[in-house]
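Here come two complexes built around chain A, the first alongside chain B, the second alongside chain C.
Up next, the complex of A and B:
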């Protein structure tokens, strides 16, 4: 960062004056979101942690929210930017409802709207520092997509953000299949979240699982996963380690 | 029409509570050549009479494709119509880009109506001198709307605008109850018969009219002259046998629909390759 007192025009994006106007790095962040399509709709899981750097500071952050009648949005990354996105979407859904004409924005439309927002912000060098997961069901059609902070977007049968991409997706690729039952879907998601809990240092053991079907959105009460720390490899971990002195 | 001291600009009310400039704009619509629209649950047909200035010139384009799922037919000042079509195309394309989804026709029509209303409340503007029949698809099925220069809009099962549209409206009023559940081809046939009413004696040929269709699974497109002429021939033959078309319209419709069905299928089949993936 440039600390000299040089006078640069406000329009220049790379100066200290305008730096205070745009996102440079995130402060309070959420970690992975994992989601998959199942028989009746979409299942999504996210823990309730808000990290402040390396501190696990906030432990009751709801990182999944329903959007309109047909969609569910989960976010990782900067929590304040997620709240800003929720405000944008609130306005979008409000205007959609005000038409009162039998047409409504489905998950595909919301996903594409978010893609436009994220990409446009990226182009202005002022991104919303989030990776979003958008799932929903409309007229029997299931939809699951993701958008990153630079505007990369795609749809798939299962998606994840952040560490979830590296730890959860391989599990999903192995175990996901069409027409999973609700119980099987939850089992797979819990398996993914458990691995993330063991291996992602910004994960907290308090999670919610959300489901969206044609009937609507249900977000579970927070709960914890059972963990096992008595693996023999964890006892006396340094025994047999080769030291340098 | 009457000339009086309250009709100079659009922002002057008459003592009777009328805006004469807006009413004069609606007169302009009545002077344009006829355009008709009718809809079933799944399809909407727009048809218009091609009026050319002289034998030497081509006819004006009166039906515009706005998007794959919306088309518009105009009557009145065609220049105004072109400008509004461009606006509609713009709105559709912007919505598609943002939401990857087609703009519901009901919303486009309201935006169009609001745009027209602005011109009835600014002293430096004039109302658009064109009536629009907007045909399109929504989440709730097929729709047909009429947009007025006044900024009003109405939804219709069937409607006709422009000169001699009353004859077409009379025909449509007789038949409209059957439109909701009718087949696509019968809907086109009804459109052609309504067009024939506005011609009042002139022979109905495919060169004299333009017919367009939009429906569920069928993007908006203009029917080619050959197909249109075939349909005309089919019911004209029957009509000639019966005499002047008045009562026998219903019979002609039924007999004609039995005959050209296989022809339509063949004509469509030759142009289209089967999807084998």
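Up next, the complex of A and C:
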């Protein structure tokens, strides 16, 4: 006997719900990923937070992973779906290696694969609840693309997910230029991450910056950013006002 | 979903608010984050509001609701003080808050902690959660961040603390809540009220103690990468 009531109304077009599972809403989520192209390749930054609703539950989640020899994947959104995507990509890279033909999947191909996966899941109303950033270098060609949970995909010189779209992209538009040095790229990303730390409720003060070049992937050790609070306006925000606002 | 920032969501102070009595007065504490949806609209708000010279209130929940209630109570208390001819008591202030909260319970969404000092009863803390219940307590916690502090206070609260101990406890508690509650953050503000008067303190976010899984803040990754290598072991 089935005690659990199905949530479908009579006029539903969704088909039988009982057999398949769908991600209706996310549980453990990661926030923004920010990335840019620089002189030698791609730089990507993401904090290490896994939020459980409004609780900052996990503070050492790695949200950027190398894929094959030439790519780096960063993800925001549901962490379990990101882990599933990593499994899919493992399989993809494995089959690619098994050809043993000296050829290997480049970032453009991996991005295309991810786009197809995300879009097809969206069409079945069973999305992988992530926004992905895929960056890489192959044979000197730099590539940086993004895919969302509904399959929207594009490539650009700098991308961001989640809150990064609103807070980081304006900074990137102003400060990015062709042939950034590693130091300048890191400084721009840190500027973006600091703003996100101030203004995104789900941000956590522990981040990693990853670099991918022709040589390979390096993901930095986790570290925290200094924040600035000692403005006189902060100490006395409402001098002279009645009430404290 | 991506791009769903909802900047028109009502301003809510997710918040952590605390009020603690000690041997001689009270210490009120709060974080400084005000959010609209997931965006931090104000990272340095002041949630500890003055009602009279000797009574303050910590505000949580809807920013608009808590502000309007504070304004009304400040107005009533001002008239009351003139009519009485001496400072209002903490109990009267708390009851005025209660009346507004209770009689408008269907419309208001604000939890308040009233704290102050008067010559009759000394330092007192009153909690007035949603619905308008009035509860006199030796210490009170409120706001979304308080969920993370029940265990902490069960263990750390002691009767008869000194002023310094009480303030340290409040700062530590707000800092712990900020570490885990996304809706709390920024700086820790405290207000100490006793027979000598009122003292306001400010503890910036970067000066607070580090908790589990938190790291020492750095200026930049570049500083870490360029740091000199540690000395080899000297056996």
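Here, the second predicted complex is superposed on the first by the 215 of 245 C-alpha atoms of A that agree within 3 Å, B and C clash if a C-alpha of one lies under 4 Å from a C-alpha of the other, contacts with A are read in each partner's own complex, and residues count from 1 in each chain.
As a convention for this text, contacts are C-beta pairs under 8 Å (C-beta built on N, C-alpha and C of every residue); 3 or more make two chains touch, one makes a residue touch a chain.
Everything numeric here is computed off the predicted structure, so don't read it as measured data.
Overlay on chain A: chain B and chain C fit together in the combined arrangement.
Residue contacts after overlaying the shared chain place A:71 against neither chain B nor chain C. In the superposition on chain A, contact of A:153 is made with neither chain B nor chain C.
Aligning the two complexes via chain A yields an angle of 180° at the C-alpha centre of chain A, spanning the centres of chain B and chain C, rounded to a multiple of 10. Looking at the shared chain after the overlay, A:99 reaches chain B, while chain C stays out of its contact range. Applying the stated contact rule after C-alpha superposition, one finds that A:206 touches chain C and leaves chain B untouched.
When both complexes are overlaid on chain A, the residue A:116 reaches chain B alone and has no touch with chain C. Residue contacts after overlaying the shared chain place A:29 against neither chain B nor chain C. The larger set of touched chain A residues comes from C, when the choice is between chain B and chain C.
Minimum Cα separation between chain B and chain C in the superposed model: 24 Å.
Overlaid on A, the two complexes show chain B and chain C touching no common residue of chain A. Contact residues on chain A toward chain C in their complex (touch as defined above): 51, 54-57, 59-60, 131, 148-149, 161-163, 165-166, 183, 186-187, 190, 198-202, 205-206, 209, 220-231, 233-235, 237-238, 242-245.
Those residues of chain A that touch chain B in the complex are listed here as 99, 101-106, 108-109, 112-113, 116. Contact residues of chain B toward chain A in the complex are 97-101, 104, 106-107, 110, 138-140.
Taken in their complex, chain C has these residues touching chain A: 1-3, 5, 14, 32-33, 35, 38-40, 43-50, 63, 67, 70-71, 74, 144, 148, 179-183, 185-187, 202, 204-206, 213-222, 224-225.
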